[in-house]
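All chains are identified by letter, namely A, B and C, in their written order; residue positions are counted from 1 within each chain.
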Amino acid sequence: MKKLFKGPNAGWNSFLVLLLVLEFVVFGSANPKFLRIPLLMTASNDFISICIISIFVTMVMITGGIDIQVSSIVGLTSIIIGVAWQDFGLNIWAAVALAVFCAALCGALSGFFVAYCGVQAMVVTLGGSFLYSGLALLVSSLSSTEAYKGISGFPDAFKAISKTKVFGVVPMQIIIFLLLAVFAWFLLHRTKYGRKIYLVGVNQTAAEYSGINSRLIIMSTYILAAVSAAVAGVVMTAYLGTSKSDIGGNLTMNIITACVLGGTLSTGGKGSILGTALASIAIGLLRFGMPLCFKINTQYLDIPIGVLLVVVVVGRALVNMPSVQAKLGKLRPKKEKAGS
Amino acid sequence: MSVIKKVLKAREVSSFCFLVALFLIVGVINPSFLKAENVTACFNTSVVYTLIAVGMAFAIFTGEIDVSVGSNLGFVAAVVGTMIQNGQNWFLAFGVGLVIGVIVGLINGWGVAVMKVPSLIFTLGTNGILRGLMYLTVGVQQVNQLPKSFKDISSMTLIGNFSIYYCCAVLLTIVIHILLTRTRKGRYFIAVGDNAGGADLVGIPATATKIWAYVICGVMAALGGIIFASRIGIVTSLSGNGYEMKAVAACVLGGISLSGGVGTVIGAAIGAVIMASISYLLVFMGFSSNYDNAITGVILMTIVVADALLQKRAAVKNRRARLAARTEKVTKEAAE
Amino acid sequence: MKKTVSIILALVMVLSLGAVAFAAEPASVEGMTVAFIPKVTGNAFFEVANQGAQEFAEDWGITVEYMGDATASAAAQVAVINQAVASGVDAICISTVDAAGVSDALQEARAAGVVVTTWDSDALVADRDLMVSQGTPEVLGQMLVDLAVAGLEDRGVDPAADEVNYCWHYSQATVTDQNSWQVEGEKIIAENYPNWTNVEPDNYYSEQDAEKSITVGEAVLDAHPDIDLIICNDSTALPGQLQAAENKGLTKDDVTITGFATPNAIKGYCTNGTLFNWGLWDCKIQGALGCYVAAYLAAGNEVTVGDTISVPGIGDVEVMANDCLNPDDETADVNNGVVLLPERAVFNAENMDNYDF
């Protein structure tokens, strides 16, 4: 039992650190520009939303769920900020608060269906991804600005979210990400709430019997994930200086990949914030380094990331199941053939 | 009596009723919709979704999922389209397409069943790889010079206004349904999904069954890809993008439980019609296409939540009935 | 290579300060590297433009790197721009997804000494040097209406007097250029053809999903049996709509379908008699031209409004003031302006085989 609460899987995290170092070495030697700090800092803007969201989706996955609606919430947040600010004349910060609140509601709705109605998380959030991206389009039609134009011209104070550079080099987004990561780490690994999340993921019935309101815990993780998506939406809107309903694009695959690569078990009960954070940075650097150093077109990036994902999960499966291996001894030659 | 009850209880029947209700609602809003050719158009337009949803159903029956079907479909469409465009023999092209489907299925099945990697994760990976391969295949030149004779098959009709493709898809679905419910090996798929450990204990080869499920899923996606190429006539590197989620949604709408072991391929086929015809029906309802996603989401969520609540109630009711029966027995015994 | 780049960068900086006047002979573009950025990859239009750029680049001795993302979103495009700047290109030639969204990224690129030109879809004029334009939204809106009118006349409908039911079918409400053409087209129709009725003022969208374009296409034909005209200003919507018409056995004599798409994608339908005409501009030339002017400026040449750039293999093009696209736009003194593509092409059964893209 104690082992369960030990938190981050140290071995896996050191593997991820190794992966990061490897990326720096390989990319850095292929193109020294990769190692220039200001460049790396600028590049981080382009994958920071993956990092921010995936640390909270990790919590959802630890409870045994999954959240594939977050990328549509990013767009919804962005367009609500724009429409509330420009067309309803709200103060920009009030608009941001409204957008984050709406996102939390969306998360709560999906979370409610998962936790209290017992619908599979995958299905609910799939429905959610349709619904919230559809709502984003409808919100954009409330605006006097045509949906295709994007609402821009935000006040400087708002844009400062992404333009401020701490100590002249570190962009504000990275600070936001680090703060959120520390917050999430504390929440998951140092509080009772975090322990409950793990317990629910390991065995919901047992958790329920030990007096945990497992449904509330599950629902709350979806709210947290939605709010983190909203934060990413705010950061992206400030960074791009424009509010559009499709700003989230298709982050989903990258987010899930980051969680899994970070050591989160998709069946629940296992995962760590540090692991996901490291993995999301590793994916971000891969997305940045591949085109920069090896001239791989952005549209082919799905291949290396897909390969990385498959190699990691298969490798992990191989390492983690010696007993099963013995049982499947007969199948092994076949396995290797298919693997090569 | 019990047969009727059983039929009414079947999930695909309620899905079918939902579809009919949907048609009727649209008919009330716009009476001109209720014409045979409009209703058949809804079915015809769903042919690709039907095929991939039936394939997906196999993966879901066994308690797994396959999110690589979209890219699989696109990749096959690209390869088959390129071959036919270059004047290769059609049947050779079809064969190559189906072989690709089998190989993708084998790889997915190996990862999921043999390596025990969570299926969502593994197929997410293969999805990325296949999409990338597709960019490489289609590259700069998109496939857009398919011969007329190949494309014309898609507008041929067989029975009434039903297209030849849709008729074949329905026939295939029915054959699969019969094989699944009437043969011993067919029942393995549901058994494995229902209780993999238990299935293993009674001698059902869970691993092999899962691999088979993925192979069937891959082949259905490949078939979908071939028909996609014939129906659309143009294959770009984005073709098939996102279809995997629509196939999952179709299965869910058709009453297939994502936790495995529950549902029929007929349900999947009906779900595919619901999924595909929403954008068609919206035009008749006079809604802007802006509502498309929102309405799809609402329908999906409503159905799954209602379904889950009904199931919960049924479970509670069953438990009570069992309890009542038991107490009755006990009291009877006590009385004796 | 690196040395030359830095020398050129220094030159560009000096030039932008306006301190040095250059000799009459333009500096050679040879050796320049241009990042050619489409809105989205995988779309025929952009792929063909890239093909054109690559073909010409070889003759000119420049390197064109095609860099794009499969998602047409500002966020993805900004990542690509940063990517291009980081990899040290001399110039960027971009079709923007959202002018406001990429504004900061382009400004940063220029601050880093990279020349920015645009093609197809413009950036904010202050964020770029030159634009290679296929025409203003008004010009293209007018072109769509003209295509439609020609198609209607061909089947004996009098566009000025007869009742015409029409609608628009394209990708989605969030795409910039297609919507701007639609808005302009609507204005022209409202002004000149009050006898036309738009059956769905909110338009039909198929989200660049080929399956959906057929489904929506069939639904439009079924729901509005009396429809006379469907304008599909999207390269996925047009073939889908045509396929839908073919499935229902309709030809150009029953309903007029027209729009923008590459010739190769539509030829088959034209041969079948499903449509009368469609249009586009030579996107191969446009892509190549965009890259050439980018390399031209990056090589240290300076242009002002009224100057002529002679492009080997294409011909002379004139730099015009920005207000030729949008009357409110101002033009900077040097290296700012618009290059208009010489012509837009209308394809029909007679001339379509002259084009292969």
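Basically, a residue touches a chain if its C-beta (ideal position, glycine included) is under 8 Å from a C-beta of that chain, and two chains touch if they have at least 3 such contacts.
As the structure is a prediction and not an experimental result, all values here were calculated from the model.
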(request) Select the chain at the greatest separation from chain A, using centres from the mean of Cα atoms. (result) C
(request) Going by the contact definition up top, give me the pair of chains with the most C-beta pairs touching. (result) A-B
(request) Determine the centre-to-centre distance between chain A and chain C, using the mean Cα coordinates as centres, and give it in whole Å. (result) 35
(request) Could you put a whole-Å number on the gap between the CA centroids of chain B and chain C? (result) 38
(request) Could you please state the distance in Å, as a whole number, between where the Cα atoms of chain A are centred and where those of chain B are centred? (result) 29
(message) Can you pull out the residues of chain C that are in contact with at least two other chains?
(response) 41-42, 70, 173
(message) Two or more other chains touching the same residue: where does that happen in chain A?
(response) 137, 141, 297, 299, 302
(message) Using the touch definition from the top, which residues of chain B touch two or more other chains?
(response) 135, 237, 288, 290, 292
(message) Quick check on the complex: what are the chain A residues that touch chain B?
(response) 66, 113, 117-120, 122-124, 126-135, 137-138, 141, 253, 256-257, 260, 265-267, 297, 299-303, 305-307, 309-310, 313-314, 317-318, 321, 324, 328, 331, 335, 338-339
(request) Could you please specify the touching residues of chain C with respect to chain A in the complex? (result) 41-42, 65-71, 73-76, 78-80, 82-83, 86-88, 98, 100-104, 108, 173-176, 178-180, 183
(message) Using the touch definition from the top, list the residues of chain C that touch chain B in their complex.
(response) 41-44, 47-48, 50-51, 70, 172-173, 200, 202-212, 214-216, 218-220, 222-223, 225, 236, 239-240, 243, 246-247, 249, 262, 264-265, 267-268, 271-272
(request) Mind listing the chain B positions that touch chain A in their complex? (result) 65, 106-107, 110-111, 114-118, 120-122, 124-133, 135-136, 207, 237, 245, 248-249, 252, 257-259, 288, 290-298, 300-301, 304-305, 307-309, 311-312
(request) Can you check the complex and tell me which residues of chain A touch chain C? (result) 31, 33, 39, 42-43, 45-47, 49, 137, 140-141, 146-150, 152-153, 236, 239-242, 244-250, 287-288, 291-292, 295, 297-299, 302
